[in-house]
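What follows is a pair of complexes built around chain A, which joins chain B in one and chain C in the other.
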Partner chain A sequence: MKENTAGSKNSVSRFMATAAPLVLLLVLALVPLVGPGPNTIRLLFISLVWITASVAWNILGGFAGQVSFGFAVFYGLGAYATAISLNAGLDRVTSLALAALVGATISLLVGLPTFRLRGPYFAIATIGVSEAVRVVMTNLAVTGGASGYRITEKGAFNQHLHFYMALGLAAAAVAISMWIRHSKLGLALISIREDQDAASDLGVNPYGTKLLAHALAAALAAAAGGVYAGYSAFVHPNGVFGFDISVAILLMPIIGGIGTVWGPVIGAVVYGLVQEELIASFPQFHLLLYGGLLILIILFEPGGVLGLINQLFRFVKARTGVGAHT
Partner chain B sequence: MNIVDFLNLLVAAVLLAGVYAAMSVGMTIIYGVLKIVNLAHAGFLMLGAYFVYELYTRFNVDPLLGVIFAFPVFFLIGAGIYWLLVRRIPRSDQPTLPSLLLLFGLWLVLQNLGYLIWGNGDHAILTPRTFSTFQIGPIIFPTVRLVVFGAAVASLAGLEFALHRTWFGRAIRALMQNSDAGRIAGVNVDRTAQIAFGIGIAFAGAAGGLLAMMYSFTPDFGGSFLLRAFVIIVLGGLESFAGVAVGALILALVETFSILVIPSGYQPAISFSLLVLALVILPDGVAGLWKKRQRLA
Partner chain C sequence: MAPILKLDRLSKNFAGLAAVKDVSFEVEEGGLFGLIGPNGAGKTTLLSIIAGSIQPTSGSIVFQGHEISGAKPYHAVRAGIVRTHQIPKPFRGLSVRENVEVGLRFGRSKRAGDKTNNAMEFLDRVALAHLHLMPASALSVGDMKRLELARTLAARPSLLLCDEVCSGLTQTEAASILELLCDIRRAGTSILYVEHNLKAIMSICDRVIVMNSGQKLAEGPPEAVQNNPSVIEAYIGKAAHK
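Coming up: the complex of A and B.
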């Protein structure tokens, strides 16, 4: 096997793309067997839910470049759909599938009118939609309105079950994201992000492709909300439709590295760990910090953590002379 | 509903439309010149409200005078923020991902600075004007709304004058119509964009002060008005000043009269439904409809 600098980089990234995720998955799957405390498992569970939502947002926002400020809508509706299905006696997997279906359907409601148009309409509409849905759910009597909706648990609470569901979903989300990135759909999405006119000249249908990406992302975000609802057994409109949920889902992929497969995962882990500490010590302050962080990332390192790591690699390489062939 | 109720609601709607137009016009200028959607608009509305409130409670400055002070202060803030942040993002003829995220981040910062400084309690500006009304025949005019309407219309007239009679106004309109042609004609794009951003923020701050005279407010104050401003400028076709006036009137009418049939808890859903409806039926806004008719004629 010929080894040159480009080749070794390729083989490293090929290893990252195939073996590393499986090893990571295996390690995570074994964690509960080692017997950490319930709090550790809870933290891991929440991080996995965040990873799913973050990867979902990135499919639309990162690959296709369509910023949505309202992913809490799908997260929240998924939570409600799961809660209602569970109470209706459906099993957990079917409930999650239903939640995903609800998310994908509602995504069309925003996508159909806005993706047809050029300009900022989609981003604008997403700002309104989560507020509108939150208000409707707060007033809706069927789901208990502002007092929230409770899931009646049938068996004993099994934390490991919820952990494995979140792990399975997060793995599925990352797998879908990897598949999209290397498929024709991913190329179409990226070409739309870079130049919609050129993409459509080359035979990409921007309208249909954006709708599809939005629906996929919404389905995943809804399933993430569903897994969370199943765990907490209680859904509250101000909780699941909250503005800070939308902010979180948008912020994570940007922290990690927008438009990449692993950036959103890294961002979600960083966010999950920091959030726990921050929200305890600064209940209002954390959104201020996130806003400032967003501004700094956009201005100085749009590639997020992954961008920083790449820069660091390039810096070290330049310093040590490895691969300096110019 | 009898005719008197109808007239009362109509008057209320028109009075509301004035401040809605003042609140949205800043967004239109910024979008027109820079092609960015100012998501931080809500933050500046909120800051404007607290600016007028602080002047009133600390120095006993009449809120109306406070609103007038807000114009230069927020103009400088806006010009400063343009220099510090906005000019650093790549320019485009369409809103880009970085611009949306940058201004969204700025909104988060402003909103939560508000929480940090003023807490999350309700504030209100109460003057002798607040609860007084006067009547012409059977129609009741709340004094404060009339004053706010007058101030809003006066500020819009001032803007109209500046845009048509001053060199910078012409430069701004030139960039809104065709930025390349404007550049060729000798418009300093960066300077003009800075002034346009400043004016946009000045109107946001002043409109926030006007709204604060009518409603109580928290640091989250701007959020619901942000959506309304979007609906208005989308109805108006994003870049048209006349369109803003029409859009403001449409939204005010729909909101005021919908109280008769839709529970008030669902009010934010009304703005959103109107937005979706506008996108489906009138994607170019009311101004687009007008242009289409001109083209047909």
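Coming up: the complex of A and C.
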């Protein structure tokens, strides 16, 4: 009887874990049809782009524990690759696929030397790579240098199309993240995060596994940059390769809950909303807010917003004896 | 019986300091081979060289007829050499069962006739099955040592390298771990057992090598080694021996 109850509880949990994201996806897909203003759609679009970038970073930084400050490289290269492809006459989906391919390829070039380093040395190396790429792109005449690169729109601007592309990509990123967490690759990444030498002593190839995770993450981050470029129709080096972009991509999973599937999603939504709402009124205030938020999270809840929610559920459960959260 | 492992003049220098110097020995297939020595003798360094964690300065390691010196640890695992650690290294963010899954999914492929194919069966062998959902970080030291053994067994070694599995354990815990090692050996796995504690190693090994200051001091059956004057001297000192 007890086993039956536990079994049905597990089935309910499994159903909820599958159904809840699908319901959320359906609700988001219906939003444009309800007729909200273009500003709301824009806000959702930005949040979806950040969700993809945040989930991408978490594959390497959260699951594998490799803290990279260089994801703006892939985001920016994806944006430029998409812009160039669109101007060359390729369709949007092919352009995004190409951007992802560029991101994955460059990730191997970055990863081959940097994954020979560990911990803070790896993090510092990624800062160097990020700044080097930004400087090169600022001086590269063929892509407009510091003046940026404009996409020549061939038809009328369709905000809903961009929204659905961002939604599709974010859904794919979350699905990939969920798959990785429960796959053999996920097990290898987490074991590397916990103790790289012990993982290697059990047959895990840390170098190859990190390269693979990096390539997957870079492909997603590049596609996120591509979706953003398609929407904005203009990219410039400081806008997509800036160090603040790298920090933002790293900050979102930490705010939401690093190393989890849903933490980076929550973090990206919090970041997207705070940034968009505050940046216009108080151009520097959002930085203060992120800094403060980061200090509070590190000090009091390293599990981020998701950790806080779990604590709240445990508290309610302890008080009432119901409301178990899985 | 043919040797499963053969070391020939193996050396390792750290910035001019010889941690292991010209060590040669053979481990027989299916044997339980003890490696003892006082602190700083070079036992763990030697184990790490065999497991691929440390690259040797010179010498050769032949495992099942193949030269493997300089192989990466994950290549050694796939060849059939798996090690435990003196200080347990559990993956703290994973459950007890997931820890074993790492060995099961990344270790050597299943051998012919091997019926064990599930993490729970390996946990059952070390009496940890009832704790499979618990985070590895919540285990006691004794249980962490058992978990180390379970996940190394899950990687299906032909040669198990055990590094001081009894250190830090109570007498009862140590006795049950030693019994477990005998079971593992009976199941067909060769064992190279590094230990600081003479009594523990003498009770279960069929052959013992003694190291001191990075060099081989003595080799032979436990009784002969135990009564060797240079071994006694290395352990309790010249003055005390006199």
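Keep this in mind: the second predicted complex is superposed on the first by the 302 of 326 C-alpha atoms of A that agree within 3 Å, B and C clash if a C-alpha of one lies under 4 Å from a C-alpha of the other, contacts with A are read in each partner's own complex, and residues count from 1 in each chain.
Assume a contact is a pair of C-beta atoms (placed from the backbone, for glycine too) under 8 Å apart; a residue touches a chain by one contact, two chains touch by 3 or more.
Computed from a predicted structure; not experimentally measured.
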Exercise. After lining both complexes up on chain A, report clash or fit for chain B versus chain C.
Key: fit
Exercise. Name the contact category of A:L187: first (chain B only), second (chain C only), both, or neither.
Key: second
Quiz item: Vertex at chain A, arms to chain B and chain C: angle between C-alpha centres to the nearest 10°?
Solution: 70
Self-check item: Comparison of chain B and chain C by chain A residues contacted
Solution: B
Exercise. Applying the touch criterion given at the start, work out whether A:V247 contacts chain B, chain C, both or neither, answering first, second, both or neither.
Key: first
Exercise. Quick one: classify A:A72 as touching chain B (first), chain C (second), both or neither.
Key: neither
Exercise. May I ask you to decide whether A:L202 touches chain B, chain C, both, or neither, giving the answer as first, second, both or neither?
Key: second
Quiz prompt | Touching partner for A:P120 - first (chain B), second (chain C), both, neither | solution = first
Quiz item: With the two complexes overlaid on chain A, what is the closest approach of chain B to chain C, counting only CA atoms, in Å?
Solution: 5
Quiz prompt | Doubly contacted residues of chain A, that is, touched by chain B and again by chain C | solution = none
Practice problem: Flag every residue of chain C that touches chain A in the complex, lowest number first. | Solution: 51, 53, 72-74, 77-78, 82-83, 85, 89-94, 98, 101-103, 105-108, 151-152, 155
Self-check item: List of chain A residues in touch with chain C within their complex
Solution: 184, 187-188, 190-191, 193-195, 197-205, 259
Quiz item: Which of the residues in chain A come into contact with chain B in the complex?
Solution: 61, 65, 67, 69, 109, 113-114, 116-121, 123-125, 127-129, 131-132, 135-136, 138-139, 243, 247, 250, 254, 258, 284-285, 287-288, 290-295, 298-299, 302
Self-check item: Touching residues (chain side chain B, partner chain A) in the complex
Solution: 31, 37, 39, 85, 88-89, 94-95, 97-98, 100-102, 104-113, 115-116, 120, 223-224, 226-227, 230-231, 234, 238, 263, 265-269, 271-273, 275-276, 279-280, 283
